[in-house]
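Each chain carries a letter (A, B and C) given by its place in the written order, and its residues are counted from 1.
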Amino acid sequence: METPTQTGVSLLDMQIVEALLIASDIPLTPDRLKECLDEGHRIDLAGAVEALNARYERGKHAFYIMPVGKGFQIVTVNTFETIVRNFINRNVRARLTYAALETLAVIAYKQPISKPEIERIRGVNCSAVLATLLERELITVSGRAEAAGRPLLYVTTDEFLRYFGLASPADLPRTRELNELFRTGEHAPQDQRSENETPLSD
Amino acid sequence: MSYKIHLDVFEGPVDLLLYFIKRDEINIYDIPITKITRDYLEYLDLMTTLNLQIAGEFVAMAAMLMRIKAQMLIPRIKEAVENEEMEDPRSELVQRLLEYRYFKEIGGELQKLEARHAGEFPRRPDWSYIDHDIQPEDALSHVSLFDILNAFRQVMDRLPADSVPHEVNVESTNITEQIDFIYSHLNREPRVNFSTLVRSIRSKVVLIVTVIAILELMRTQRVRVTQNGIFDDFTIENLEPGA
Amino acid sequence: METPTQTGVSLLDMQIVEALLIASDIPLTPDRLKECLDEGHRIDLAGAVEALNARYERGKHAFYIMPVGKGFQIVTVNTFETIVRNFINRNVRARLTYAALETLAVIAYKQPISKPEIERIRGVNCSAVLATLLERELITVSGRAEAAGRPLLYVTTDEFLRYFGLASPADLPRTRELNELFRTGEHAPQDQRSENETPLSD
């Protein structure tokens, strides 16, 4: 942004649009932009995007602003698609999903446990999640339940312990510990005073 | 009068002592224990006068100050301390004050850093332009032990008060059934811990009914329930073995 | 990137680093970078970041690359705090209370540390504060202490580093050497407040 803009959009407005595009994972639409601005402040979003893109291109940046539906988002230029894809596969795709975490939590606390039992507790089908956890070696099969149909029983692995930095499954935090921690916290996270006034119980 | 302004701003007893030390420009390594004890107790008095609740830790500190003061008054100890034959009774307090002051200062530094950086927001990419099946909102970037416990807690919280319809028959129970269930344990051994008893129970309703069943057995004096501490597990003891 | 780089990092390498930073929501570390590169291709990550930051500053961009732990992450400049907050709906996220900051200071220097130990130092109950810090992902549970009752141990997170703009735990404000301070049984020096004021590393 070395030179003044030629599209009539001010540098400040361009910066605002750029900051919002950087910090958000949803497309920036004219409506969403308007909601963030002070009363009376208007920004020509399409104009700002055009000016920013001209600069990104001139500066040979590795990203640009792409139109998505009625809005815009920052994406990498496709020259770097392979390396970005590689990065995402290694660092993003490998992440546990919340469903996986929840299943893992149920297994960790109730092990050994069968699939029907996990599904009863979670209330949803867990086949795909169990496959992922098995593949990542966070859980393994320990045997079969005595129950009808003799379903497989799952337990957590050493890899699970390593992943969470535990010496043994007995080191898992107890629900009681969390409840204790949140007994006061839940109601007062925003409150300045109540946060530290609880007397020591011991 | 200055006390009133500061009444509710102390993080704790150590913070209060540090306030006196700063106010009176006291050398932290040579605290006039008599004076500071007096100031401290006056402050507690003031809190009481104003009907403010005095937290337990303030009382514990008062006890510590009075103990140090008593030790300092014994001439023989005083002499030994001066001749470096004995550890100063104040040294533990000094250590606590120094340690706390250190972290208080860092807390202040962190506040400055926060003011500088809390308004900076990290890049949040949407990967859908690369791959449609990546849903960033589902993916957890870093998973800790805390997350796993929290996830477990949420699953357990979600456990239906009444189970899903087709399981109602299996799950639903009544007090008589749960009394039988309790006896199924008590017939094997004269005592059973509550935690052991309910280990296999996965439904809130069944759990509640079980507790009611225990109360019923207590009321009719068929069992005795004992507990060691307020938050300890309790033990259910069969008063009619062989019944 | 109008002019050639002066740090000896090629334009291509700068572009690669920029692309990965734009595509990532976690810090880009030398290891993560290396994994994505072809065999034999090496990039001086710190050098590339320095060159990129110089350009962002000169170009008055609304973001810069912040060192976080062993890596780097793009963040928006704080000029646009309010507007970005509005956009990403985090306007409720208040600043930390003094109690929270103090507790964080204790954890940062003593980690891994248990709740009883934190409470011994602060002299007050810390349940609510710990709950807030956990919820904001500034601290996490790392395991259990060997001590009686095997209490949970807390450590600071990468989010802690990012939130305070610290490149590493070693960059924590250091008012004086911990070891010196807590060495017991020796004659402590006279009150040395003036020695505390070692400037922040940034």
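Throughout what follows, a contact is a pair of C-beta atoms (placed from the backbone, for glycine too) under 8 Å apart; a residue touches a chain by one contact, two chains touch by 3 or more.
The model shown is predicted, which means the values in this text are computed figures rather than measured ones.
Seen from the Cα centre of subunit C, the chain whose own Cα centre is farthest off is B. The interface with the greater number of C-beta contacts, when B-C is set against A-B, is B-C. With centres set at the average Cα position, the gap from subunit A to subunit C is 19 Å. The distance from the centre of subunit A to the centre of subunit B, each centre being the mean of the chain's C-alpha atoms, comes to 30 Å. Shown for subunit B are the residues that touch two or more other chains, namely 11-12, 55, 57, 121-125, 127, 130, 136, 141, 144-147, 149. In subunit C, the residues that touch at least two other chains are 22-26, 63, 74, 76-77, 79-80, 84, 88, 99, 124-125, 134, 141-143.
Contact residues on subunit C toward subunit A in their complex (touch as defined above): 1-2, 11, 15-16, 18-20, 22-26, 32, 35-37, 55, 58-63, 74, 76-77, 79-80, 83-84, 86-88, 92, 94, 97, 99-100, 119, 124-132, 134-135, 141-144, 150, 152.
Only residues 11-15, 27-29, 55, 57, 61, 87, 91, 94-96, 98-100, 102-125, 127, 130, 136, 141-142, 144-147, 149 of subunit B touch subunit C when the two sit together in their complex. On subunit A, the positions that touch subunit C within their shared complex are 1-2, 11, 15-16, 18-20, 22-25, 28, 32, 35-37, 55, 58-63, 74-77, 79-80, 83-84, 86-88, 90-92, 165-167, 171, 173, 177, 180-186, 188-190, 192, 194-196, 198-201. Those residues of subunit B whose C-beta lies close enough to touch subunit A in the complex are 8, 11-12, 53, 55-57, 121-127, 129-131, 134, 136, 138-141, 143-156, 158-160, 163-164, 167, 202. Contact residues on subunit C toward subunit B in their complex (touch as defined above): 21-26, 63, 66, 73-82, 84-85, 88, 90, 95-96, 98-99, 101-102, 104-106, 108-109, 121-125, 134, 140-143, 157-158, 162-166, 172-173, 175-176, 178, 181-182, 184-185, 188, 190-191, 196, 200.
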